[in-house]
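Shown next, in structure tokens, is the structure this report addresses.
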Amino acid sequence: MSHNTFGHLFRVTTWGESHGRALGCVVDGCPPGLKLDEAYVQAFLDKRKPGTSRFVTQRKEPDQVKILSGVFEDDRTDGQVTTGTPISMMIENVDQRSKDYSEIRDRYRPGHADYAYDQKYGVRDYRGGGRSSARETAARVAAGAVARRVLGDDILIRGAVVQIGPHAIDREAWDWDETAKNPFWCPDATAAARWEDFLDETRKAGSSAGAVIEVQASGVPAGWGAPVYGKLDAELAGAMMSINAAKGVEIGAGFAAAAFSGEQNADEMRMGNEGVRFLSNNNGGVAGGISTGQDVVVRIAIKPTSSILTATQSVTRTGEEVDVRTKGRHDPCVGIRGVPVAEAMLACVLADAKLRHRGQVG
Amino acid sequence: MSHNTFGHLFRVTTWGESHGRALGCVVDGCPPGLKLDEAYVQAFLDKRKPGTSRFVTQRKEPDQVKILSGVFEDDRTDGQVTTGTPISMMIENVDQRSKDYSEIRDRYRPGHADYAYDQKYGVRDYRGGGRSSARETAARVAAGAVARRVLGDDILIRGAVVQIGPHAIDREAWDWDETAKNPFWCPDATAAARWEDFLDETRKAGSSAGAVIEVQASGVPAGWGAPVYGKLDAELAGAMMSINAAKGVEIGAGFAAAAFSGEQNADEMRMGNEGVRFLSNNNGGVAGGISTGQDVVVRIAIKPTSSILTATQSVTRTGEEVDVRTKGRHDPCVGIRGVPVAEAMLACVLADAKLRHRGQVG
Amino acid sequence: MSHNTFGHLFRVTTWGESHGRALGCVVDGCPPGLKLDEAYVQAFLDKRKPGTSRFVTQRKEPDQVKILSGVFEDDRTDGQVTTGTPISMMIENVDQRSKDYSEIRDRYRPGHADYAYDQKYGVRDYRGGGRSSARETAARVAAGAVARRVLGDDILIRGAVVQIGPHAIDREAWDWDETAKNPFWCPDATAAARWEDFLDETRKAGSSAGAVIEVQASGVPAGWGAPVYGKLDAELAGAMMSINAAKGVEIGAGFAAAAFSGEQNADEMRMGNEGVRFLSNNNGGVAGGISTGQDVVVRIAIKPTSSILTATQSVTRTGEEVDVRTKGRHDPCVGIRGVPVAEAMLACVLADAKLRHRGQVG
Amino acid sequence: MSHNTFGHLFRVTTWGESHGRALGCVVDGCPPGLKLDEAYVQAFLDKRKPGTSRFVTQRKEPDQVKILSGVFEDDRTDGQVTTGTPISMMIENVDQRSKDYSEIRDRYRPGHADYAYDQKYGVRDYRGGGRSSARETAARVAAGAVARRVLGDDILIRGAVVQIGPHAIDREAWDWDETAKNPFWCPDATAAARWEDFLDETRKAGSSAGAVIEVQASGVPAGWGAPVYGKLDAELAGAMMSINAAKGVEIGAGFAAAAFSGEQNADEMRMGNEGVRFLSNNNGGVAGGISTGQDVVVRIAIKPTSSILTATQSVTRTGEEVDVRTKGRHDPCVGIRGVPVAEAMLACVLADAKLRHRGQVG
């Protein structure tokens, strides 16, 4: 993790501001010979796209991806495939309404990066938050699509929202199929109905809500990860905390494990038909920083969208006290659109771990 | 974060196994001219040293540090100072009782890295967990001492245990002075008394307990951190999750923020005598990945020590089902000795952020 | 140096193939507040542009750069300035004649990367050499323009060709003004005239010629560089050797120093009006990997263009023996257009060294 | 290459000063299960050890290596083997005569790093050059021994001195067996005899001589290396230029290639019994930054030892003009002992390339 690049052998560099010409990424280190075309990447971007329901921002961005390099097709290849060279992808911005932001040019929006960026850089593109906007995450999703190709079909990566505001799902009711049936990626139909009401109220009140996202990877073999500072869970924590509005990350039982006894927490083992079988997964698929072969389970706390219509106290660049109301077009609960982003980060970290593992041990 | 090195300009590489000859670190990128001698580093190691109370492991390790390079003293320097070259520090292991471990040579201890390491490497130093042992964290503490010199006296780094097992402190009762008065780094005298009873029971039952650690840094100026993948909070999350037994990391309000409304969560701003004054610190001193000038606040969930006397079900290398009881000498609550380690990681991440900031913006 | 990224704090990632849609770079870590617009970058690209004389390739590429991110302008900035966020630049390919290459689809051109790439990747974009084409260097030149802004006006970076084929310049006749008066960046008018004849013959013979480039930086303060593996000269050597067709790099006296005696080689020092004055510069401005304040002097050996009309013996993908004649449009002496590229690499390495120095020592 | 670490997956961090307590390295990323013990590493250190003939420094350093971590032995392993964890190696300094250096405490020795280090750091360990001393290369040799294990027995790495002062060998007379029969690693018996006389004169005159080293690797498969900034030759150039006193690096034909025509330079190909056969090796085993399967051939120009008895003009820290004569114990031709160092760097770069290749393409 370094400035705008993450990963070691599978490396992703992203660029672009919310209201600039375009945004994009360069994916470096993707192995050759993997199928990759724009339609494939586009499908993942469409999951994250704004404007798909009343619970997300109404900004109209088609988020159409162009692959500019790193792929090739001729009559010997199986469609368009990666060549091992850097894959550059670009998404042009279309629906910038920069005027919406002239009002906050000199005002620091509470909860946003405005003040911190200004203190650091002294100059900033304030339109829509510039580089600190969650719009940057479109590039992550594109990179994540490539990462999934690296992982192959044996590894299944899925995500869900498990809490919105104070309302958590009933984990017993978890049904992955439900996530596609509501606008929240919610695996519990009852919770989804409650969230609909809750978020309608939130929107009407000019407020916003936080969320907890859970992403899982199945099919990860034992042995990935690189102790002690490239631990799989350390890399996941860094990657997830880099997502906009993330304030917490936990693996497996996470914070709940602090209250467990040693016996409760132990993931006991027995022999199964296909080798070792764990009787629980409090470790979330990672022990000592290395995958155990169980599902990798990560949860991320997403704070409420900082852009709200309600007035909050703030100051200007020149030190005047003001009230700030953020108009623009915003997600009432930015956690919802965070699901494909968190999936993408999980895919990227795992793809990197897979390639490094081959190099380290092979 | 990469294998056994972390940091960008202030880089720490650690090495060593629990029962090897020695362990240590190389701190690279420390600026020249800072006072540094063994007595200074030793004071931090003594905070983490085993055997200081009945609530931590009884292994007797003096943890005496030697500085092997990177410092110099002559009649022109102010005592022994750093030279800008790599600082190599070594701690010799003294009280290895490797025989304690012959029994678990072929048995995978549940909750430990045994199985995962074996799946990855196929060969391992099983004595005391080898490289996956928390003994490695002594090297982090030594590096953290150097990092504090880089940060200087204006930045105050402190840590506390805020929960052991299910028993959390009362935050209203927080008194930093208390942390030095009990064997738990507990800032709440009442909670400390309760933990004493609780851990005595835990030990007697042959069990172990989890904990939550909180570390804070005061005096960090606004502007440190490097969006978007070198975010200060992303680096903190990665660093903290790399600590042995860590299962969760949160910044500021953390997971609680998921239940907040936008207004509750907004850290409103007014003008104070010395510039901007925040009315709350839900962001934990970081916005958009950049420090805000507020206290940096991080909490870490530590799972219960996996080494317990109670029998747990497991398997051997060759696939036999067995029961495992871990004798050896272990911390009933490894979170306690995690406090100086978490402080050290916070210091290292901030020292790196400080140096990078100078380079990025200067 | 790692895959397609180089630099530590000032980091450049390039992407693109010779006959793909576009090529470009992401410059990450550029400090904020520096003036930067397309016209400024374009001026450097125009120096490298193909088709400017009969001694370079006749491919017609306008090499028009677009800056897609990382800059901002409003009424408070001094024109368009950098914001500290990643600067993405793109150059669209226009004059691809990919059909020229169908013939060499299955033939390995001697001296080219064809065989090695195929052995590594098993799939490749063979059109114009794909990623291994010197066309990639346009992106380096764009990055170098940014690097010059980081260095500021006090540091002067210049390059020249000092040998073409067996014909070296007379160093006594060196006149920087001459480099703009001939199509070879030659600082010696007499040598330039000789080269004109020599290269006309070379072209007519369907052959090609090698060259030696020299680049210099004046105004570099003493103290930049980071021993021992980030030595300024080590970084320069790596950067220069990464230029297409480079086969050698030397600093200061370089290989000639091997024949010197210790006294001849010593760069003796006396006191001058502005501090230490060196009596010679055999070290090429770098001692122990750190700049001395003298001019930084680097020379690079460029092999003859591998694409020649003369038949050379080769083999096909499937193991047939064939003769290869490379038609296409090629530089008879690729070293000529290498001058702005080598200048750019020098600028990038120095910009990175400047930023790191601030961070290391500050 | 970054400060005191080099490599990507196979990473080497070195530490230590010439007259400090000890020096050493941490080798991170070595795969598990490779045989490694102190006797094996020691054999390589003995090749570089001082005091072995009158043509090298008379400092008496046994250079005894200790392996402190990263290896393990029990009745299931084949002797002592690597475990995949960091290998820490240490060499204690024994024969420091620091008093020899008190005289140059305030004087900058021409050609040395004294002035540059002082300008950068403002404080330095001047004894024997401190960190800038070639004594650091002992740690590289230890790391190189590990790298050879990673490469395995199929890859043969060898080095020779091919020029001392103005006297080059006759390449036609090259006989690898000769390198073990003279104190110069000279592959040409006639040249070795001439060098003996030449260096005796040089020593008597209180002077020193430069040299050119050539190292070769046979058995490297085609496909290693990572374009475009992790090119195998770019990494070699950086690694070799980081060796003390190196002023030039060339691959294959190197600078001579600048005078070749395209046809002369082309490494033509035919089919041989075991696949493609090259008719020449001007590329030095690397094309487009990727290995071709031919021998990798690198030459390094080493300047004359800067420490000479002859007086040279210099200045002091406080700006007085002085004459400097360097007494101490020095190599009259530091290039000789550079051979095992250059071999070690070649081994390390190739080991890293091998591991990365497995990760990139596998």
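Think of it as A, B, C and D in the order they're written, each chain with its own count starting at 1.
Note that a residue touches a chain if its C-beta (ideal position, glycine included) is under 8 Å from a C-beta of that chain, and two chains touch if they have at least 3 such contacts.
Each chain and its UniProt protein: A, B, C, D = Chorismate synthase.
Source: prediction; values computed, not measured.
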| item | value |
| --- | --- |
| Comparison of C-D and A-D (more C-beta pairs in contact) | C-D |
| From subunit B (Chorismate synthase), the most remote chain by mean C-alpha position | C |
| Distance between chain centroids, defined by C-alpha means - subunit C (Chorismate synthase), subunit D (Chorismate synthase) (Å) | 27 |
| Whole-Å gap separating subunit B (Chorismate synthase) and subunit D (Chorismate synthase), where each centre is the average of the chain's CA atoms | 38 |
| Subunit A (Chorismate synthase)-subunit D (Chorismate synthase) separation of Cα centroids, rounded to whole Å | 45 |
| Two or more partner chains touched - positions in subunit C (Chorismate synthase) | 2-5, 8, 14, 29, 32, 84-85, 120-121, 131, 227, 357, 361 |
| In the complex with subunit A (Chorismate synthase), residue positions of subunit B (Chorismate synthase) that touch it | 1-6, 8, 14, 108, 110-113, 115-117, 119-121, 131-132, 136, 163, 165-166, 202, 207-212, 221-231, 233-242, 244, 246-271, 275-276, 279, 282-284, 286-293, 301-308, 310, 312-315, 319-321, 335, 357, 361 |
| Interface residues, subunit B (Chorismate synthase) side, partner subunit D (Chorismate synthase) - complex | 2-5, 11, 13-17, 20-24, 26, 28-29, 32-33, 66, 68-70, 72, 74, 76-77, 81, 83-88, 90, 105, 120-125, 130-131 |
| Footprint of subunit C (Chorismate synthase) on subunit B (Chorismate synthase) - complex, ascending | 8-9, 29, 31-32, 84-85, 227, 355-362 |
